[in-house]
């Protein structure tokens, strides 16, 4: 079996969860992967201090799409204050594959977008 | 067309990197469009200069400094001559990007104003796009784009209508597209621009390594290229300029070496080409780049072009057999530079490059520093296989094989 | 002070150029102020990179490109750390001159206007003078000079009065003078400038190769240096900048790699340090410069300074014995960089350099890119002997011997 | 004997001919040697179409000063139209010593200045 392109990664890539738009929404953000120009955006609906629902849109490689898809389920229901604490390790662990330095940006793009939407911090993870 | 593609044109053993193995696999280098590999003679020229002839140039009286001076200026002569230029109007920069910035700042910022337009094309590399955006914004000039048609080509008619508007002061365009492979009719474009009173800048970063280039025949006022794509080292670019223009322009970077006399509040400039070379120039890099153009010259640029034309056709034909694979740029049969950019249905270009990379096949994936063009093409990224003098049929076959196994990983 | 000058600090055999002979004579290299010689490890790092790890950086997915990326960014870390800087705020330019132009254009052109002043010193190299002249002229700002006193030193009192005028926005000054050898009190100057609301740029081109430098302790907002004087190759310079300033500045050169997203009329910039690195960077040069700072680091910069201090004192003492010879700059006993600029009565510095050169003794003659300073000193040129880690007592003795025989040729 | 610093070169350097100012004068020019910043100027008095008298001023190395001194005697009385024809070989031959590429600028500085004063052409010899 392939180390990187595991079955579940390809599955998420081909049939991503929570992709699309969400209107109305309370929070949103859009980021480019400067490596390739790929774009990923998020719409978030908030209830109280929690993410009630979210949708990703845009396009990207299997790694970035699978990461967004896998994370989306975890993010739903999460307290906004917890989102700001999520770090790269959380995402990489969740993805469950060895990610090279170059592809790291792909793997972290969705978390960057979500953090940007929730905390307004665009600089993460650098 | 001679059937030269079976073998590489250059002896592959001339390039030490091909001794590398990735796992068990040899290096299949199909990314010369990003940077070329270097023959041993180039690496040796660099080492020999630093080991035995190193001194700063232009001011030294002792013999070692004279050697360094002579080596540097002889390198300039050889590099200038490679594209039919003159040493005096051949300026060393750090890369092609700096050369274009130099013209945009030094010519553009002084010459452009409201009511003026700069015309570039939709297929420009960011290097020949962002500097014009910046200078047009600052000077209140307009930046317009010549469209790329469905064959990935420019229309001379569209050029004529743009020029007929009477406000175009400069036309900047690439000689060979780094994404489409399109070879633009540079002499025709230059002639029309000149007739309309516009000056021209040609971005030859991709052209110089793969075809005979004569800057006089290309007709450009400015012609830029970059060392690292032409078998030379990083850290050196080349700007050829028309003498009257260069003479009339203010310098771009200022500092040592480019001055005639410095007062507390005023400075006068040195003669060409030094006026545009502030600070210590890329001395060892120039010596190495001269070795690179000597190497290319010995292969013969006509033969390089024939070889790469043949190999590109072969590559296009074989890529056409891969299901779901779409090549962008001029269709088969049309004149084309030595590359193929493509998408594979169901696989993102990054994943294509990753999977190919594991088999030792090096291709680039992304926007290739040409985001506006990518938008025209309706894609966010492509994979690109680009060829050099060291490539042959076996590289094309390795590419195809790796594409097939990559598709299998994705269940395609 | 330990008596280290009898022997070179570095093993001379580490530097292949010392195998050269000029006629029968060995190389007596006393021109490190212009450019340093290179140890074999630096040349090897350059060759090894080009031979085995060459690919373009930042966009490649295949393993070779990842190696190149990793090598380049690791080099940046090591180079940044050498002077206590951070990778993110350490920008590669082509030389020190470009680094200063970057600040003058990117910070200066946006920040300076009528009523503002830039303060530099009379001892600046043209690299840290002409760019400020240009930007001040364009922006209607005033360029003022801090005087050099009869000891070749700056007066902090004079600095205070300049700052008290309230209009100084930036103070740019050299860490070590390339003509006088003066070591400026950089931390004091920076602190006073900061207290007066001015930012600072320190030209460390001469300092970094010869003494421990900590940019935080130096207190500068910008600190620049150049690879080729610090045992590294040509084609690379370094700019350290304070993060907030760099973040707030517009880019200088534009093109590939420095963008986040490019539209037809608008572009957004990449993060630091890439925002300031347009086009293909000096990849192999960075790898080689990292080897150079590793080499210097292994010698230990404190030891380098001790060695050069001792050897400089020795040289000054011996030069003092040559009739008609006058050394400019700080008198013996004062803290001083590793060089001596001098004139010989009855011989023009060019003739001195020529006659020394014949005996294998390499010294520079001329204005050393510091014409305003030369005018203050009342000379049009000097000869300059400058030291590196490979010099020892025998070089000083060869210099003195060659000076004596040169004087004899002139009948002095 | 030294190849470059022959006795007559040093003699001219130490006691140059026709150095100083000439007032009034009809033509003048001043040039820098970019190699070192040395300066050489000339004052020329014209009678008819000939150089009647000239003086050099400024400072420089033995080569540039000797060249100016040696050339000055030849230039006096020369037709202005002939001055424009003088080339580098003329000067180097007159100097009578082997001049390296680097020192060539020194040797030719005076001719550059004189040509500049007479013909207005500052670009020579490049």
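Some observations on this one:
Per-chain numbering from 1; labels A, B, C and D assigned in written order.
Here is the rule we go by: contacts are C-beta pairs under 8 Å (C-beta built on N, C-alpha and C of every residue); 3 or more make two chains touch, one makes a residue touch a chain.
In this text, all values refer to a predicted model and were calculated from it rather than measured experimentally.
Looking at C-D alongside B-D, one finds more C-beta pairs in contact between the chains of C-D.
For this pair, chain B with chain C, the centres built from the Cα atoms lie 31 Å apart. Rounded to a whole number, the gap between the C-alpha centres of chain C and chain D is 37 angstrom. Inter-chain centre distance (chain A to chain C, centres taken as mean C-alpha positions): 46 Å. Shared contact sites, meaning residues of chain D that touch two or more other chains, fall at 35-37, 103. Contact of a single residue of chain B with at least two other chains is seen at positions 59-61, 65, 259, 261, 350, 354, 365-366, 371.
Shown here, the protein chains touch in an arrangement that is not a line, ring, star or fully connected set. Here the chains touching each other pair up as A-B, A-C, B-C, B-D, C-D. Contacts from chain D toward chain C in the complex involve residues 2, 4-5, 10, 14, 35-39, 59-63, 65, 103, 106.
Across the complex, chain C meets chain B through its residues 16-17, 20, 22, 27, 29, 31, 34-35, 37-38, 40, 42-43, 46-47, 50-52, 54-56, 59-65, 93-98, 100-101, 125-131, 133-134, 137, 143, 145, 226, 228, 233-237, 253-257, 259, 261-267, 278-285, 350, 353-354, 356-358, 361-366, 369, 371-372. Put simply, chain C touches chain A in their complex at residues 58-61, 65-66, 69-70, 88, 259-261, 270-271.
In the complex of the two chains, the chain C residues touching chain D come out as 346-351, 354-355, 365-367, 371, 374, 380-381, 409-411.
The residues of chain A lying in touch with chain C in their complex are 32, 34-37, 100-103, 123, 126.
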